[in-house]
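Across the two complexes that follow, subunit A remains constant while its partner is subunit B and subsequently subunit C.
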Partner chain A sequence: MKKNLLKVNTCCYLIIAAYLLITVSNAVRSGFPWAMTCYSCLLCRQSCPLGIDPHGFISAANTDDPNLYVTASNIRIHLNQAIEIDPDMQVRFRNQPVVKAKTALAQGVEPEAEVTVLKMHAKDAASFCPLCGNCNKACPITLPLMKIIEDLKDDGEFNG
Partner chain B sequence: MDKNSQTRAGIYLLLVSVAITIAIYLIQTQLGWDFKGTYPGVVPLIQAEYTFEADKITIQLSRQSSVPQIVVFAYDDQNRQVVIMKPVYDKRVEVFPGDSADYLVNMDGTKVKDFEILKKTTGLESQIDMFNLIRAAHQSGKKYGIQECLYPVCTICLDVCPVVDNGVVQVNTEEDGRFHPKITIGGCPRCGMCFELCRMKVIYKSNLRQTVRPEYLEEDTGTPSSSNNN
Partner chain C sequence: MLGAISLIFFILIMVASVRKWVRQDVLPLQSLLVIGSLILVGLSFLFNHSFDHSRFFAATSLHPITATIAGFMLAGAVESAGGFAAASQLLIRCSQGFLGLSGTVLLLVNVPSIFAMPCGRVWAAALIPAALMFGVELVKECGNPALMPAVVFSLIVNAAASCGPSPLGGIGMIAEGTGGFDLHSFSNPQQLSIMVMTVLVMVAMVKIVKLDVNICGLAQQLKARTFLPESAYFSFFLYVFGLAAVFIVEPPVPIQTLLLLLTALVMLVGQVSFRRLLSGLIIHPVTAMVAGFMMAGALLVTGGFDSLTALLNWFAVHTWLGYIGVAVLLVYIPLIFPLPCGRIAAAALLPGVMMFGQQVSLITGVEQCLPAMMVAFILACAASCAPSPLGGIGGIGEGNLRLKSGLAGRGLQLSILLSLPISALIVSGLGLSTEMFRFAEWILAASLGMVSGVVVNVIVGQRFYRPGGIFSGLVVAALMMVL
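And now, the complex of A and B:
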């Protein structure tokens, strides 16, 4: 019995260790290992004039995935530009329900119509960010969030 | 060393100096490399013409804005600057009914007290309809308009200026209620931080010989269609 429990414990330990290893290696690969120290207080979320969720950039860095979808509720663009950037971007036209950009076009919204973005790729959100630095100021542990955004702004990839 | 050798050495030295000067000039002007030692410039105030229709307000800009997004504002009854950021297409901005404000600036006269982001999270926002607010401001004679500077939400030029206490960089409230930076060249250490970091491109790089105007200013159609109606 004891031996069986030991085996189960060892398996659990190995699974947790593998998970942590993958998480750490992703964060290291993105070039922003300090992003793991974010404890998700989400104070930065309340600071962006464009309604971009800066915590989304932290998540993107932690997972080394610039295509992670982040909330960006105050970015307004033409529908055709939204489709050009990402047809799966979530947008809202006037007070209609939130749909993907390509769905909005299929539903008859004019390509030149102005839509409000709700969710977009982290790399695309970074391209709209005015780098005002409010998210940096809001962070209680002074994580340099703007470094991630500046990195994504360059070429849409994590280069560290 | 005879006199001829001295003359030749002098000529060679002169030629080398000229070559170095030309090389530095070419690097600075042709390659567009940034060097410390250049003064910042500020773009002129953008002008606009407003057309009020039942279902939209159209704002025609006098020139291309410095960035694809521009600040549209109106003052409310409590003298707060209420702001929405709108995209610019073909020098035109449109405000529709239901467009919610993004942030507001609490003012004490012409001084900024603080600002408040209105859309804290999706679905949990205090909604101020900018369409109605601009129309109300237009009808009641309150200030409304457009601006390119994101102050006071963005204060990066003031944050990085090493001599900001001497008033080299100031962001003033203009008579029409908008914020626009002002640079006083005297006392500017030419560190270049303000124009390097101004992402709204309101502050740009200039130099001592001539002002290096941004490309979008070169495309200026000339006289603005009209000033805003503030």
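And now, the complex of A and C:
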């Protein structure tokens, strides 16, 4: 390998190392470093009665970002509630295509109409969580997912 | 628009690496993926597309990366303690008993999928040295030099595919979780197909690919590496029984912790220094995985995967392929573009596979189409890291056998191509189940085990009905069903 290419390639490998370091440090900063041990097997997805993806909370902890969007399938609220919480929340009204809450309003959906939430911030999903503990039980290595949810429920921030 | 550009860019990068338009000594895959990710991030700013840095980092799964590192540490410790030299001696003694050469070979090459780890490299790194030493003895006994690559590459493909059915965070669990299927319901169909895949690789290496290996040179080099301190056998037993115990008991502790504990034990028993341990760590697959996840993150953020799904949909609706044709293509995409870690393709394409699987189920009226497609796809992802020319496990085998890079790829890909439909047929014929004792499944497993035993008997040059080989095949099948 030529000298210049050695420098370029070494830089690229250093970027890879930095990327890994940033990923690890984000998890540590959130106060939930054990989130890194998640297998990403997604078995917890089947367990939530509200259809919230518990793995989304793990991702949010791993990236130290309570505003990371997580998926849901069974949360139904009024459109005006959705806009108040997050105008960019992805919702579906009856059989219409999935749009942002503010777009649904602009398209003429009544503010009092019931919509199904399909994507919301992790901190908002935590506020809806009934804390049933099903996700904890579904985890093959029994990670305490509820701790992340309880933390976010408090003030919407990671306090560890 | 941005999504389509990023998808095209990604495909160009992959093809450029695979076809060696950009040589690996100029820009290895890792550098290409890093530069590609940075370009995509730059493009998202250029197109005024909001760049969600959290989603970019969230695409990375640390589990396979840390499992690979921990596995290499353990394998490095056992290697330094002489454990694998001890293993080859044990294999030679085993081959002189009832099992014979064919039975021992069949048992050896199927160990990774019996005790499946979340990354096949954990077993591959460990057993390849033992397979090499045993292979030299095997060639001496049988006089067929093609047996050496047959043993090594069948072990490699078995190890590669084993991360699919692994209950310790294998790729199959991702599909089970995503699709809402029962835990471990995908394991048996995968393991049985892997058994067939392994034997097919042996046949391909002996009858079709016929690689020219310098056995004498290898034998001399391996002789120089063989030393057996007192603790060697104990280190090896600690390794095997430790991993088997973890696998059977499945404690609710991350596998990485257990691998580290085992490493510390082996270091103590074998008096292995930390420096020697570090020398066994192979950085390449780890960096390839991280770079792959970086690119996956960039594609996610720029909408590349959404474009792929839209494209496949378009093909399904507007071409003669239809949904069924595109579904088959989708299942084989990981094999067409084999990446160094199957999880990258699995994470990216699984939603698309689910969507197509549901469509195919609707069109055909056969409910099992969705799980059948998902199992075949997961197996393709898992096994694809064997033939990957971008730092796949096959490269480790080629390096150890002093072969030119890429020679074994076609044989590996052919075997995987032929065995994927078997997993789909098992699911569509027998359905999914987590029961340990299903009569039909056991009959199938026993039949496949017997056929494997017969084929390996013939490959090794023994009588086809030699009981050792057939018994070994039955034992392998039984262990796969039970564990």
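As a working rule, the second predicted complex is superposed on the first by the 148 of 160 C-alpha atoms of A that agree within 3 Å, B and C clash if a C-alpha of one lies under 4 Å from a C-alpha of the other, contacts with A are read in each partner's own complex, and residues count from 1 in each chain.
The working rule: contacts are C-beta pairs under 8 Å (C-beta built on N, C-alpha and C of every residue); 3 or more make two chains touch, one makes a residue touch a chain.
Bear in mind that the values here come from a model prediction, so they are computed numbers and not experimental data.
Of subunit B and subunit C, which one contacts the greater number of residues in subunit A?
Between subunit B and subunit C, the winner on subunit A residue contacts is C.
For A:78 in the superposed arrangement: first (subunit B), second (subunit C), both or neither?
A:78 contacts subunit B only, not subunit C.
On the A-aligned overlay, A:131 touches which partner chain: subunit B = first, subunit C = second, or both, or neither?
A:131 contacts subunit B only, not subunit C.
Check whether A:37 is in contact with subunit B, with subunit C, with both or with neither, and answer first, second, both or neither.
second
Using the touch definition from the top, say if A:45 reaches subunit B (first), subunit C (second), both or neither.
It touches subunit B and subunit C both.
Kindly classify A:26 by the partners it touches after superposition: subunit B alone (first), subunit C alone (second), both, or neither?
second
Name the contact category of A:118: first (subunit B only), second (subunit C only), both, or neither.
first
Determine where on subunit A the residues touched by subunit B overlap those touched by subunit C, and list them.
Common interface on subunit A, subunit B vs subunit C: 45-46.
Any idea which subunit B residues touch subunit A in the complex?
Within the complex, subunit B contacts subunit A at residues 67, 69, 83, 85-87, 89, 94, 96, 98-99, 102-103, 117, 119-122, 125, 150, 153-156, 159, 197, 199-200.
Mind pulling up the subunit A residues that touch subunit B in the complex?
Within the complex, subunit A touches subunit B at residues 45-51, 71, 73-74, 76-78, 94-95, 114, 118, 128, 130-134.
What does subunit A use to touch subunit C in their complex?
Residues 1, 5, 8-9, 12-13, 15-16, 19-20, 22-24, 26, 36-46, 59-60, 62-63, 65, 67-69, 140-142 of subunit A touch subunit C in their complex.
Once bound in the complex, which stretches of subunit C touch subunit A?
By the definition above, subunit C touches subunit A via 25-28, 30-31, 34-35, 38, 54-55, 57-58, 60-63, 65-66, 118, 167-169, 173-174, 176-178, 180, 183, 250, 252-254, 256, 287, 290-291, 294, 347.
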